[in-house]
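This report refers to the structure that appears directly beneath it.
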Amino acid sequence: MDIATIVGIIAAFAFIMVGVQENIGAMLNAPSAIIVIGGTIASSLIMNPLSEVINTVGVYKKSFVNKIPVPTELIERIVGFAETARREGILALEQAVEDGDDPFMAAGVKLAVDGTEPDLIMDILETEVQFIEDRHKLGSQILADMAVAAPAFGMIGTLIGLVIMLKNMSDPAAIGPAMAIALLTTLYGAILANVLLDPISKKLKTYSSKELMTKRMIIEGIMAIQSGDNPRIVETKLAAFLAPKLRPSSDEGEAS
Amino acid sequence: MDIATIVGIIAAFAFIMVGVQENIGAMLNAPSAIIVIGGTIASSLIMNPLSEVINTVGVYKKSFVNKIPVPTELIERIVGFAETARREGILALEQAVEDGDDPFMAAGVKLAVDGTEPDLIMDILETEVQFIEDRHKLGSQILADMAVAAPAFGMIGTLIGLVIMLKNMSDPAAIGPAMAIALLTTLYGAILANVLLDPISKKLKTYSSKELMTKRMIIEGIMAIQSGDNPRIVETKLAAFLAPKLRPSSDEGEAS
Amino acid sequence: MDIATIVGIIAAFAFIMVGVQENIGAMLNAPSAIIVIGGTIASSLIMNPLSEVINTVGVYKKSFVNKIPVPTELIERIVGFAETARREGILALEQAVEDGDDPFMAAGVKLAVDGTEPDLIMDILETEVQFIEDRHKLGSQILADMAVAAPAFGMIGTLIGLVIMLKNMSDPAAIGPAMAIALLTTLYGAILANVLLDPISKKLKTYSSKELMTKRMIIEGIMAIQSGDNPRIVETKLAAFLAPKLRPSSDEGEAS
Amino acid sequence: MDIATIVGIIAAFAFIMVGVQENIGAMLNAPSAIIVIGGTIASSLIMNPLSEVINTVGVYKKSFVNKIPVPTELIERIVGFAETARREGILALEQAVEDGDDPFMAAGVKLAVDGTEPDLIMDILETEVQFIEDRHKLGSQILADMAVAAPAFGMIGTLIGLVIMLKNMSDPAAIGPAMAIALLTTLYGAILANVLLDPISKKLKTYSSKELMTKRMIIEGIMAIQSGDNPRIVETKLAAFLAPKLRPSSDEGEAS
Amino acid sequence: MDIATIVGIIAAFAFIMVGVQENIGAMLNAPSAIIVIGGTIASSLIMNPLSEVINTVGVYKKSFVNKIPVPTELIERIVGFAETARREGILALEQAVEDGDDPFMAAGVKLAVDGTEPDLIMDILETEVQFIEDRHKLGSQILADMAVAAPAFGMIGTLIGLVIMLKNMSDPAAIGPAMAIALLTTLYGAILANVLLDPISKKLKTYSSKELMTKRMIIEGIMAIQSGDNPRIVETKLAAFLAPKLRPSSDEGEAS
């Protein structure tokens, strides 16, 4: 559960409500919402293959539920593997992998147990990581493109509203409310882009870089285990991926 | 047939119609359309050689009819060639190529059958791929440039309309409708850019990267066949181009 | 003569006239034109050395008269040189160069005839090409910078017009026409940038890349001739610069 | 204490007050401030992990109190270490490090005293510097993202205010003041972005590059000390990091 | 004296006056000028260390008085040094350097005379050039940042003016003039950015690249002299830095 994402979205709407106050009715207009939300999704369909747009729903949810991986736990786990491999031989790792383990790590360990050539393991896992990175980038990019489309459809809706209003100016009393509705699409476009699309796109980027780092730690760890490294060395190698203050028990290098 | 492109465009206009409602008449104005569409095309003519602008029409259609190549079928086909070459010798491939095959692949196979040096085949095919990539980039770029020009001509049209209106303000009742017409060019420019030009430019980029990937798979496959690789190895090499879950029958590397 | 540039500019103004209709008088205002055109040129003078700004006039004209070099003719010419060199020795090329030939090619041939070291020829010609590229970039960049300055001066003019108008609002009937004139500078700035500056800057970029390609073909050709390559080889080497369908007589590599 | 930051912010508000004059009351509106400041912070929460947003407060303060490191003093200190190491052996440095010293330098000296391999010291310190750089970049980037969000929330607030006003136009006298309040969020967004967020983000970048330079000087110095370099050589090596006029006593290289 | 800078600025203001005509009084408002100019400088203080902002004044003046170095004169001078060194030995250069010479060149010659190792001379001078380049970049960047801040403070001033005006709409006759004053800050911001800041920032970039080229020519020349190159070779090496038509007497390579 990512508290910051949820708190941020709720807070953004709460702060917006400070401006709206009791005028919530004046802010709601179904056609305006349909133009902006529908238009934004439609433009995403034109830009991307259908499957990617559908995928984006899952990607979007990830920004709420993604638990940021705790690298220290991962290091402990890999060091544990290294100890098992040292004591009981690398084949013993087959039993050591558990259901809760990262599937990527499980696959890597299985490759090592099978006696695959180190270079080939490296190749296979690096290719995997490359595809994960590409998939992450695409998900984040689709949301960023939608964050550009939303204000554009907001403006399209406002222009349509203005044209209709200007054509029918016989009743001056109707001008104000008509223009208010016209402006709602611009408002919706701005909120959609600045609360629900662009920030989520950026959060996904942060998640991606953290997840890729753990994948690279796993690769480094498996290579080290396969080459028979001392568990202590494995730990040192993996700790180098972390900021000093996050490192498990390293006494050296505690410079701030 | 690319369903997403067509559905996206139809949906975008449908959502826009939610705002227009019964005022469709107020939204249509031939001179406004001529200024924006004509001006956008004219600016593209100034920017690009004539032949490229004409080419863009064909490129544009491609975003509707392009069937995304199915890489697994391509792998099967190349592995089939590899098996034939293994069993009956590389010369037997001359008969194996069919009319339905990718002409790029056919040309590559012919080069291999002719006993061309591997380095030269590589060179010839890579040069080809480079030109395909450049042509794709240019097509996508022309549409992106038009997506920038369209709102500019929309604004030019609106300014002209406003100037005319402001010069003739004797009849207050005419001001509203005159301004409505002036705004139509801005509206047309925004729709043109955000529905019909920019998203298509982005979809063409996606297509291009997928097509280039299949071309690179073909090159890799032909080089492997010529060097006499085992069909199983050929398949493994080509599968590495795909995301793990798309790979045909590879049991290893199934990490998520 | 570049038909597309001329047709594009004429068409752009024709489409703009569709909006202007019989109100051409309302669109013309000498002071507005002076502010925008003058200000854009003045800002270019501040940005660039005087000589470069003057140079830009010639560069600008080039986008109308530049005939795109026909690379197949160039290949024929170089292959002809290669044949002469083969048959009659490299010294015979001195007579073969004609007045109509590209001066860059003539200089290169002369270097080869003089028996200059290949590395030095390469160096001299590459340096030349580098300077041509820098000069082209600068010309295109100056127009791109002017395309940014034009709307800025358009806005400056409109703000001045608005301030004057707002200070003198005693005669309501004069407000409309005064504001119309104020808007004209914005209109002029938009037309200047989007019809006459930015698209020409982009066309110059296209020309530049085509011209640089022919220069690189010439270098490649002269190096091949000097090293005594077979004319057939020279042709193959140069044909690799062209898109497959443009290549003169190559039967291989006809992949689409 | 960074005088420029504080003077700049105070001056910016003072110059803004020149426009406000006695109308300070008209400029203050609590709900407007809440929308803009709250919305900006909320969007930062959606974009970033919670810990990073909290961190930003400390980073922000740094732009006021950061004393720019004086590299000449640092050079003197390191040269002093080099002299001690020369005279009394490298172990004597353990006593030489003082509490006031840069903790990064203290850690580096400790590594050297412990007889750590030079390559490993290099590795450990470089990794440290890399993390410092990443952390600085992130802090600066969060403020830059907030500088983009602030005007967006300003616009959202203004649109809300306009919609409310347009819906209730029965009392013409209330329109002016209502619109004034609506505009305040845009004003707050502009001030927040252009006085308090974007410039601080840029100042942090400058600090970062200066701090990283001193860290790199420390690494260079420690490596030189460990390899037993003459103090004079150590000084020359470190002086190369400085602009010529800042170098302590170097007589050569005084070119301007 | 850079004529183009001065002529450009005077011309820009002259063209702006074409729009102002006799309404110069309406265009002048001290508080508006204070907000925009003061705010722009204040934001620069927040962004940069105090010393850099002060430095910028000198940098700014440079765009008026900088005489573009004449590289042919420089080549002649260096070739002269080469001849002296050939005839009378390198020590004779000590007397040859004059007060009018570029101090950078004087320092380099002194290093050569002192018999410094070529690699060290190279290092020292390259470091110098690197610092000059960084300093130039910073100066140009500070002006570019101010060119972004000026319109922002223009908008802040206009918003303040609008809010004050909207709060006090009791006297309709006062609305026009009040709004006129409000718009002046936007006008000032646009002029400041587009006439006095952004173009100067770009001119400084051009100067910088020309100055750095002469510095690199000097380094090349000194290295050549120290290694005892023939003056004719020195000249050829330096001429390669120039566009062909600017080269002093080179007969070869005259291709256009």
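Read from first to last, the chains carry the letters A, B, C, D and E; within each, the first residue is number 1.
Definition applied: a contact is a pair of C-beta atoms (placed from the backbone, for glycine too) under 8 Å apart; a residue touches a chain by one contact, two chains touch by 3 or more.
Note that the structure is predicted; figures quoted are calculated from it, not measured.
A.B. asks: What's the fewest number of moves from chain A to chain D, given that each move must go to a chain touching the current one?
C.D. replies: 1
A.B. asks: Is the contact between chain C and chain E built from the same residue numbers on each copy (over half shared) or from different ones (under half shared)?
C.D. replies: different
A.B. asks: Fitting on CA atoms only, what is the rotation between the copies chain A and chain E? Please report it in degrees, nearest 5.
C.D. replies: Angle of rotation between the two copies: 145 degrees.
A.B. asks: Measuring centre to centre with CA averages, how many angstrom lie between chain C and chain D?
C.D. replies: Roughly 44 Å separates the two chain centres.
A.B. asks: I'd like the Å distance between the centres of chain B and chain C, where a centre is the mean of that chain's Cα atoms.
C.D. replies: Measuring from centre to centre gives 27 Å for this pair.
A.B. asks: Would you give the residues of chain B that are in contact with at least 2 other chains, written as numbers and ranges?
C.D. replies: If we look for residues of chain B contacting two or more partner chains, we find none.
A.B. asks: Classify the chain contact graph as line, ring, star, complete or other.
C.D. replies: Per interface graph, the chains form a ring.
A.B. asks: Starting from chain A and heading to chain B first, what is the chain order around the ring?
C.D. replies: The cyclic sequence of chains is A, B, C, E, D, beginning at chain A and stepping to chain B.
A.B. asks: Which bits of chain A are touching chain B when the two form their complex?
C.D. replies: 31-32, 34-35, 38-39, 41-50, 53, 103-104, 106-108, 111, 114, 116, 123-125, 127-128, 131, 135, 145, 149, 152-153, 155-157, 159-169, 185
A.B. asks: Spell out the part of chain B that touches chain A in their complex, as residue ranges.
C.D. replies: Interface residues on the chain B side: 2-5, 7-9, 11-12, 14-16, 18-21, 23, 26-27, 68, 173, 176-177, 179-180, 183-184, 186-187, 190-191, 193-195, 198-200, 202-203, 206, 240, 243-244, 252-256.
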